[in-house]
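Here the chain labels run A, B, C and D in written order, and each chain numbers its own residues starting at 1.
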Amino acid sequence: MNSELPAASWGEPRSREISWHDPSLGATAGRSMSGMEYLTAMVEGRLPAPPIAQTLGFTLTSVAEGEAWFSCEPDESHYNPIGMVHGGLVCTLLDSALGCASHTLLSAGAGYTSIEIKVNYLRAVTSASGMLTAHGWVTKPGRRVIFVEGDARDAAGRVVATASGTCLVVGST
Amino acid sequence: MNSELPAASWGEPRSREISWHDPSLGATAGRSMSGMEYLTAMVEGRLPAPPIAQTLGFTLTSVAEGEAWFSCEPDESHYNPIGMVHGGLVCTLLDSALGCASHTLLSAGAGYTSIEIKVNYLRAVTSASGMLTAHGWVTKPGRRVIFVEGDARDAAGRVVATASGTCLVVGST
Amino acid sequence: MNSELPAASWGEPRSREISWHDPSLGATAGRSMSGMEYLTAMVEGRLPAPPIAQTLGFTLTSVAEGEAWFSCEPDESHYNPIGMVHGGLVCTLLDSALGCASHTLLSAGAGYTSIEIKVNYLRAVTSASGMLTAHGWVTKPGRRVIFVEGDARDAAGRVVATASGTCLVVGST
Amino acid sequence: MNSELPAASWGEPRSREISWHDPSLGATAGRSMSGMEYLTAMVEGRLPAPPIAQTLGFTLTSVAEGEAWFSCEPDESHYNPIGMVHGGLVCTLLDSALGCASHTLLSAGAGYTSIEIKVNYLRAVTSASGMLTAHGWVTKPGRRVIFVEGDARDAAGRVVATASGTCLVVGST
């Protein structure tokens, strides 16, 4: 099949160095902080960002009671094999936004795990989408389950994806 | 709050260089190939892996009619702020597996986009989970919509997540 | 096991007669009407309600461009085996609201089918919940796929469930 | 608009009487029984079927450890306004199958509520589909959350829908 590409024709690879700090530092510190304290420290750079955020290039930009916002500038390193930003990037931003929105409601000593998430892909994302903003908000708090929703928007404010999920509260007092 | 960590105490950052090839090469070549031809060329290294796979460190290992398999060794660079592998990695693997399972059914000239995906997180994933395998399979093909499901398993074969999604066929003849 | 109940102790059954009209009447009439015309005729009683609405006791109360509202008074006939209104009633109301919200955007000759729906059950529903209102709205229209969301509220306005779904447009010109 | 139908032309309504027993009888009895005992008593007719099953005409036909099966013959009373069986019937059967599959794992004194469900509609259902069978199975049990999946098939064994959901265990000892 003549449409295949000999590796010699692939051109120079592009590259980027990613770096992160030991994730156990933040996770350990987090155990003695409420969710709001922990996430606020992260927003303000007083705790290291988690490795996944460094790897994919996204940032927790803001938190409020029951809400969280992330931003990410999609670039070529996020592309899938069909010439667009991989849906997994959008899922990751939304999973982060929903999880952290839940986390803001937890007191010190409590934790959470995501039970499930559903993402609707409304619009294709490319590097031309500009800065993405993912916003998560709690639709119903609970001692055991927290219901959360969210959306991701491109730089023009158009919704590119929406999400619906749930988190399980663990270790709560 | 004494649980915060001055940056001086964060220790040496760990780092990794990621590199990828121009994603338009593969996407362009793919237009004249059937899904099976395109994905097989990728499995066999005759086309460059997509950037997102290089960024997150996962690999398309195998395809069959209506099925696709990915693998990924989760490591510290995938960690979230609560000390585990970020659910977004699992979503990305499953979104890939479901999308490529759909893609195997498409003839040259046809494309697809993911409409939505829902992921159930059955078990926490850490670097101790070992090599993850994500498997996607078509539950119902269609000229317009393809229904797909999948699961992700750890090195011990335990299901860590399941997924249910749909893809829209576009440009089909 | 002494907790079983001999049928003689079940008491008098309660009963209700349900009645409906031939559903092919409305479906046939609908083919020559736009979605808004068709649904408006149903709201205004100029077309018979669909059988499922008679069976479960719910009503399409209002439509607008890209939106639809249903109401239903939950009663004992909707109860599940664990002493609450069955989640399926809420799913049915939300599936209706999302589908009809999509339908309002279709011109005569076009139809749709629901691809999938995800429902979050935020609060238990009982006959004490009072009149439920399900509201569906389009989050992104499209020639092929329409993205829709919705919520269901009790008589006090509290959200009891949210939904996220997609519809496939068929036969559009 | 001449496609409207004066009520005089709607023809004779069709009707059916539905009847059920006080749902508190079963729910009360259930509190002292394990899930398997309770559901087995229901399969065997030693407890009254829940009202929703009478209203919609479906039956719990079998249970096993972590599994449940329902059947339902779709008829005209389940039709939606676009000439097919309403997706809500399929959701109701699947929500039942997933919930009861979870319930089989619970000991006396424990209960559950459905957290969420996602349903993929693979094929349209009509009265020609014949007897539907909905099967639910637990993909991962848990002390707090039970993960469940399921499918619904027509009389020919073709999958008409699949479901993915989660249940919260409550009151467990």
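For the reader, a short list of remarks on this structure follows.
The rule is short, and it goes like this: a contact is a pair of C-beta atoms (placed from the backbone, for glycine too) under 8 Å apart; a residue touches a chain by one contact, two chains touch by 3 or more.
Please read all numbers here as calculations on a predicted model, not as lab measurements.
Same interface as B-D, judged by over half of the contact pairs sharing residue numbers, among the pairs A-C, A-D or C-D: A-C.
Simply put, chain C must spin 180° to overlay its Cα atoms on chain D, rounded in steps of 5. Shared residue numbers account for over half of those found at the interface formed by chain A and chain B, and the copies are therefore classed as meeting with the same residues.
Each chain gets a centre from the mean of its Cα atoms; for chain A and chain B, those two points are 16 Å apart. In this assembly, the C-alpha centroid of chain A lies 34 Å from the C-alpha centroid of chain C. Centre-to-centre separation of chain B and chain C, using mean CA positions: 36 Å. Counting only residues that touch two or more partner chains, chain C has 115-116, 118, 120, 164, 166. Under the stated contact rule, the graph of chain-to-chain touches is complete, every pair of chains being in contact.
Every residue of chain C that touches chain A in the complex is listed here, in rising order: 118, 120, 122-123, 139-140, 147, 149, 159, 162, 164, 166.
The part of chain B that touches chain C in the complex is made up of residues 115-116, 118, 144-145, 164, 166, 168, 170.
Interface residues of chain A, counted against chain B in their complex, comprise 1, 3-5, 7, 9-11, 13-27, 29-30, 32-33, 37-39, 41-42, 45-52, 54-56, 76-84, 86-89, 91-93, 95-96, 99-100, 103, 111-121, 124.
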